[in-house]
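Which chain is which? They are A, B, C, D and E, in the order written, and residues in each are numbered from 1.
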Amino acid sequence: MSAAAHGLALVVLVPIVGGALIPALFRRFPTAAWGFALASSALTLAISISLIRRLLAEGPFSYAAGGWPPPYGVALHFDRFGAAIAVFSMITLLVLIFSRRYIPAVVPIARIPLYYALVMINLGGMNGFLVTGDLFNLFVFMEVFSVSAYALVAMARGPQAGLAAIKYLLLGAVSSLLVLFAIGLIFAQTGTLNMADAAGRLDAAASIVPTALALGALTIGFMVKAALFPLHVWLPDAHASAPAPVSALLSAVVVKAGVIGIIRTLQTFSDHGSLQLMPLQSLLIWLGAIAVLWGAVAALVQSDLKRLLAYSTVTNIGYIFIGLGIGSATAASGAAVHIINHAVIKAALFLAAGALIHQSGLRHIDDLRGLGERMPLSALALGVALLAVAGVPPTAGFVGKWQIGLGALETGRPLLMGVVIVGGLLVLTYGVRIINTLFFRPPLHVRVVTSREAPPSMLAAILLLAASSFLLGLAGKPMLDFVAPAILPLTDTG
Amino acid sequence: MNVLLTHVDYIAAVAIFLVGLYILLVKQNLLKKILGLNIMETAVFAFIVTAGMTDNGVPPLLGPDAVGPFASPLPHALVLTGIVVAVSITALALALIVRVKRECGSVELNELGKVE
Amino acid sequence: MPIELHDLRPVLAPLISALCAGGVFVMGTSGRWRAIWSLAAAGLKFVIVWSMLPGTLAGSVYIFRVGEILPGLSIAFRVDAFGLFYALVTATLWVLTTVYALAYMKGSHALKRFFGFFALCISTTVAIAFAENLFTLFLFYELLTVCTYPLVIHDQDAEARRAGRKYLAYTLCGGAVILAGMLLVFHSAGTLSLAEGGILGDVDDHRVLLLIFLTLVGGFGVKAAIMPLHAWLPAAMVAPTPVSALLHAVAVVKAGAFGVVRVLYDVFGVNLLKSLGFATWLGYLAGFTIIAGSIMALRQNRLKARLAWSTISQLSYILLAASLLTPAAALAAIIHLANQAFTKITMFFVAGAIEHNTGKTHIDQLDGIGYRMPWTMAAFTIAGLSFMGVPLLAGFITKWYLSLGALAADSGGFVALMALSGLLNAAYWLPIIYRAYFRETGIPQLREETPWMLLAPIGICAGYVILLGTGAQAPLMPFSLAESAVRLAFGLEGGIP
Amino acid sequence: MTLTSLLPLIALALPIIGGLAALGAGRRNRRLGIAVVAGTAVTTFLITALLALAAKDGLLREMTLVQIAPPVWIVFRIDPLGTLFAATVSGLFLLALIYAFGYLPDDRRQWRFHAFAMACQGCMIGVAFAGNLVTLLVFYELFSLLSYPLITHDRTRVAVAAGLKYLVYIITGGAFVWAGIILVFHLGGEIRFLPGGLADINGSPGLVLATFACLVTGFGVKAALMPLHGWVPDAHPAAPAPFSAVLSGVMVATGVFGILRVMFEIFGVSRLIEMGVLPWLGGIAGASVLLAAARAVGEDDLKRRLAWSTISQMAYVLMAVSTIGGQAVTGAFVHITHHAFLKGGLFFCAGLVATVTGATRISQLRGLAQRMPVTSLALTVLALGLVGIPPLSGFISKWLLGLGLADAGAMVRLGVMLAGALLAAVYLWPIIYRIWLPTDDPRFAHSHSREASGWMLGILIATGMLAVILGTAATLPGFPLDLAKNAAQWLVEPPP
Amino acid sequence: MRKFLALVLIAALGAVLIAAVVNLPEPGTTDSPVHTHVSAGYIKGGHEAGGADNLVTAVLLNYRAIDTFGEVTVIFTALIAVLAATSLAGPTERSGTQNIDLKTTRVPVSPVVSFVVRLMAPFIATFALFVMLKGHELPGGGFQGGVVLGAMLILLALFSGRTDKTDDEELPPGLRNWIRAAGPLVFGALGLTGLVFSGWLFSLPDHPFWREMVMIGLELGIGIGGAAVLVGLFRALREG
């Protein structure tokens, strides 16, 4: 048992314990909570990187929490999808850096530690969700990050935030219930909660009807978390009204958890011979395609910058699901990489938009005219990220779209490729609109003229993310190579 | 028909679940929706506990002289955890409803649509 | 088989001008530094590009691979004869355009932005020329769109923005279509590398090939302004003159035409296209565009609008020539890249000089302008005659080879089309020349020659138009480069029949 | 580079350079300008004449100058036909340029006229010396375009309209020539002129025919072959008289010259016969002869009548060469030269009369001889020459033409020619008749005019004398007839 | 309309759900996988393996400790969430006049009730402690005890009549925050001690005594922390 394996539990333990300590430690010095949170997330990041190193060296590995071998204990499992935790930790780290100057402006000073605690717990929950190999543990950590996400949305001021949070909560809770119900069904059939074990024992089950229902319930439950059309209704409200770093976190990371949840479900139970996943996959394709177009069109008509970005998330989730639904190695690996790339891009987008909105006090796109002159770096970062989200090569957004488009062709769906491309074009349309507004229109609003560039801490996070959203596009091949082994089980069902 | 009888416990849980779902779907009052949610949660808990039930079983307390058949301990532990989670969510939901009521002046969703 | 040499220069050429563009962005607030960096961008690239000429003529191919970013998708540069030809044209013209722009734009707003993006365009254009594969080509092609947009809307008024929107709408949609085509190519051929003789030889499915043809040619055709995808071009006239020159002569439309030619010769390959017969339709469309563009040009009163429509017409020469799939026509297609560039840029420079000097923008205001600006208008006359196809000028060469190629392809009708187009060209250039020299306003015209910074590029371009028409064979002329490009594309050994 | 290779280039470039020099010099100092123009024109004429004499026995030299594109070269050749034409061109230009000093108002624009005219001259010499079709086309297009400002020199509405018509015709014709050249190239590769035609024109008969049709149509526009003549009756009267003279005298002939080159040195006699196009050409030319002459009869405007006459006279040439007999071709060549001077002179007369008296219509000319006897005499001589009255120059050429046609046994064409000559008499005689008929009618505006003097009259006299000399001394060696014989022989019976 | 659609949906869903559940193994039978697989292993391993007579507690604290860690995190998060997310502004105009300001309004409390509550409080607390401490042997455990304790404290707060005093009531604020975080923190400590004692995170020590001690510690942490969270939730909700 090497030290790295303990990291599987530590990536959960460290951020959560860190988060739990924050309110107690920093009651008197709320603003200092930032440093502690940063340190814990950095530690988490370091641990997750060591995990990835081991993964690369030895392949997927498990960790029996408490020393109990599965199925008696909870097995944590690290594979190439789990490697996403490194990216999520990284993004959380950058979001924290960004928050240093942003959060004191929108959150009462006494509650600042709460914010950091929630972010850390969110990270811990995400990590736990991603590394667990146990169905019920999955549910528990899903609730951990969900509850913290509801709360983070509600941390914003204004009547919209509370309403958005409760809507998010209601849908999220129902989805959690569906997941729990599905877990109950599987448990009742197999008597185990370990995913691999359960998948193996499902074959022996008397009937596939409960299994099918469980799978459906899991999928729908995770679809809500992932905000796949038509279950995305909570997302625009929540992501638009939350504070910018929270929006970044939610759009970049939290919705991805739902996606990875579905991948895990499909992957685990795809071996279940009696079950045909084909209808499910074509359903995903359809929904994904509609999501791409719907999200893009809805984004086109938004006047609120953050709401627009929220709809862009709907689009991109659609892309990912198209890729998953196609299921071929090309498309699914593209989808998998897009999970990461979109996380980075969307974080860049929301943070940059947050900086612009924060510094100018304006959030309507038309009001932001000419802000590019005042805040060149933030606006540039937003521009780069917008191009990336549109999938302009060689940015990060291109990788996924290329692979998904290629996969569509491989499986003889040229129209789907058309959808992929048209979606990208629509995204580009509003991306260009924003870039145009920022850089090439004279200022309209007096606040624009008095705005100043964002402080260094915010800028650092934004620029790093924007740069990554460009550079990751150049790293498309290694990333695809990285996920390729993880994709294989999915491919068989395609 | 026999199947329905033997599985009547499950069916009851399903029935409760549906009742909760109905409330959640139809009622516009946020508080009622939360109530519906809680009913659904209860149903799911009941469902899971039912799965671990043993006819004429005893609680899984393994004293020196304990004699089976024991009920399965696992579902109970799960449900315990589930309940705590449900409580947490309910608490947060209530807090949010209070906030919505204060800021928006209503807890009826169809009225809240007009906010802002 | 050409000798492949790994060399830094293919990547250095775009990189160095991009770095200089960075210099403009950083230090461009001062006029002097702006000029220095802009000229450095153009000048250094000029030197690097020309330095590859001897080697390429000797049969070498310079290669630089940056890296593979997705399986099968790599960024790589490869300098072959055709690419170098295009790069030479742009690199040469860019020096002139930069000089011109520095003089022309004096006193305008947002000059840092303008010259920064101006220098970036040069970088992307040469990268397009040197692209080793379709992906790299597409990449920089899109980047070119992005870089030219700020230039198009430089004036930032409502008209400029409208034009900019139109420009973006067209080019980005075109880009998306190319992307679709690229996916299809990659899917069916498994590679995107441009190769003489094409890469689609193994594809049997006729429908897929048709789809690839439609998407790629349609996509690049947007920038090449083939009808009915041309509407952005006249609208983009609102841009400042150096930008119009950039759009119409050097970079943008040429990139489109270049892309189409690449697609035809290096993606499909001559033999495959011949057996497919798609190119014929492209030829008809191009032929239609040639005539319709000319007719539209006839109806314009605004000088730059007439130039724009003429560009639409002229560009389709390239497409028509390329679609004929005979060596002579291919030669015409390649050479016309240069011919049209030099000729049209002369005209744009002149139009800009007139506007700069006198504020006149419409043709009916130009009475007697030949007396005010004799040298400028002389250059315009040369360019006009070239387009009409007067021998000894550049335009003749194009028509000459195009017609020969058409005959070799048994499409004699295109010879008639060439003749008709020459007539139409005469019909819309001669009135301008006539007004300039033979109509007097009654008011005595003072000599008011263009400032030398504007006049020098005009003069050099006009001189080059003559040179291209008379001395294409001279050592420094890229004609032989075009020949070797054609030889490669057609797999010929000796001369071009 | 020997003198013989340099001289053609000088002949070509000298007028162009001289014109520019005159433009610069004349605006400052009129005398200097005149000196430059005259000096250049005389020198050019002398050089071309020298070349004509030197080259009369056959190909003197072929020069390959610039390669435009691999198979396309700028080639000059000094052969009997080209030098004869070049000498004719520069001779007529010499007269016209000097005449123009008297004709044009003395202002700055005069120098523009000279500059363009001399550039035009240079290009026409280029046409004459062209060694292949491309070179020919280069200079052909150039001088066509350069003519435009000359035709519209007066800037009247009529002149501008005529100029536009001219441009449309000429450029369309140029496009046909161009298409034809492409076709020739396609069929036969590199296209240098070669007496006897290119051996290796290969291709379907239809394509070859189309090539021929394109070229003949293209050059036919300039040669005013009916029905492509539309620009002639408008452009000639609209242009200033000295340039009308050039237009009628040599520019239309350039078209004919082009057709000759195409017929004899591209396709060659045997192929033409094989193609069976000659009767058609002859028929069209014959129709042109008669129709144009008939139109001339009904025309009252003097310059227009002369323009119609030009169409008719040039059609003789084509009609004659369509027989491809040596005699007829000789006649055709000599007719080009003789007609150039005769018709040029007539236009000089018309310009002079119009300048002095304001009369442009034939009906206004009555009694001209009373006031302007010298002019009238010259006009009479030239007109009679054109009709073909011995011993004037027109007689020589028509005689030879007739002889040639008779030799070739083309009796119909001979009849057409004679009918044309008769019609020429019919449309020229009233002029002579009217000017010599005395009148006291005050309606004639010129009744108070005096005889002209200076440049114009001098040139007029010179032209009249030339008509006499060329007619009486035609057979002297070195005269056009001599040269034309050699040229015809060279073309029709090419040296091996 | 909405109701109709909901009913249709529910009918459809109900049919599916019932179709699914009737295909499950019959509940109550001991030969179903639920009983024969993992549970059987737990029972077979006995209290020796699980470290507790009460198998439910053994599952919670030993076999699936990480679940419970998540669970206490959730409830702790809920508290933070409520604290963080409740209305940041005071009552708005929109809320109208019928809103009662709970902070200042004294609820009239019967002295009898108040007395009884205070009288009962020590007994309740003792019981809660008992449930926590004996949770590994008898029915009960940290959560249960914590809930009882929390209920007692809420009861006290409700009927003590001291609603106007919002802070420094039960505990100093610094300590209060630590206690609220007790759940996650004791589990964090368990994770680390497990690593020290047995080489696995979230594992109990092998030595029976230490194991019992750790279990008791965990139960106490869960219980007291849970109680603190409940009280905190109550107060946060009451204060709005």
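Note that in this section contacts are C-beta pairs under 8 Å (C-beta built on N, C-alpha and C of every residue); 3 or more make two chains touch, one makes a residue touch a chain.
This structure is a prediction, so every number in the text was calculated from the model and none was measured.
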Inset, instruction - Please give the intersection of the contact partners of subunit B with those of subunit C. - result: A
Inset, instruction - Give me the fewest steps it takes to get from subunit A to subunit E if each step has to go to a chain it touches. - result: 1
Legend entry - Chain located farthest away, centre of subunit D as origin (C-alpha): E
Legend entry - Chain whose average C-alpha position is farthest from subunit C's own: E
Inset, instruction - With chain centres taken as the means of their Cα atoms, state the distance from subunit D to subunit E in Å. - result: 116
Inset, instruction - Provide the C-alpha centroid distance between subunit B and subunit E, rounded to the nearest whole angstrom. - result: 15
Inset, instruction - Can you check how far apart subunit C and subunit E are, centre to centre, with Cα atoms defining each centre and the answer in Å? - result: 73
Inset, instruction - Return the distance between the CA-based centres of subunit A and subunit D, expressed in whole Å. - result: 87
Inset, instruction - Would you pick out the residues of subunit B that each touch at least 2 other chains? - result: 17, 47, 51, 72, 74-75, 78, 81, 85, 88-89, 92, 96, 99, 103-104
Inset, instruction - Any chance you could list the residues of subunit C touching two or more other chains? - result: none
Legend entry - Pairwise chain contacts, counting only pairs that touch as defined: A-B, A-C, A-E, B-E, C-D
Inset, instruction - Would you pull the subunit A residues touching subunit C in the complex into a rising list? - result: 387, 392-394, 399, 402-403, 405-406, 409-410, 414, 417-418, 421-422, 424-425, 428-429, 432, 436, 439-442, 473-477, 480-481
Inset, instruction - Spell out the residues on subunit B that touch subunit E in their complex, using ranges where they run on. - result: 3-4, 6-7, 9-11, 13-15, 17-18, 21-22, 25-26, 47, 50-55, 57, 59-63, 66, 68-70, 72-78, 80-81, 84-85, 87-89, 91-92, 94-96, 98-99, 101-105
Inset, instruction - Could you pull out which subunit D residues touch subunit C in their complex? - result: 66-70, 72, 74, 134-135, 137-138, 141-142, 145, 148-149, 152, 155, 167, 171-172, 174-176, 178-179, 182-183, 185-186, 207, 210
Legend entry - Touching residues (chain side subunit E, partner subunit B) in the complex: 2-3, 6-7, 9-10, 13-14, 17-18, 21-22, 24, 26-30, 34-35, 38-39, 42-43, 46-47, 50, 53-56, 58-60, 64, 67-68, 70-72, 74-75, 77-79, 81-82, 85-87, 89, 91-92, 94-96, 99, 137-139, 141, 143, 226, 233, 236-237, 240
Legend entry - Parts of subunit E lying in touch with subunit A, wherever the complex brings them together: 16-17, 19-21, 23-25, 27, 32-39, 41-42, 45, 62-67, 69-71, 73-74, 76-78, 80-85, 87-89, 173-174, 177-178, 180-181, 183-185, 187-188, 191, 194-195, 198-204
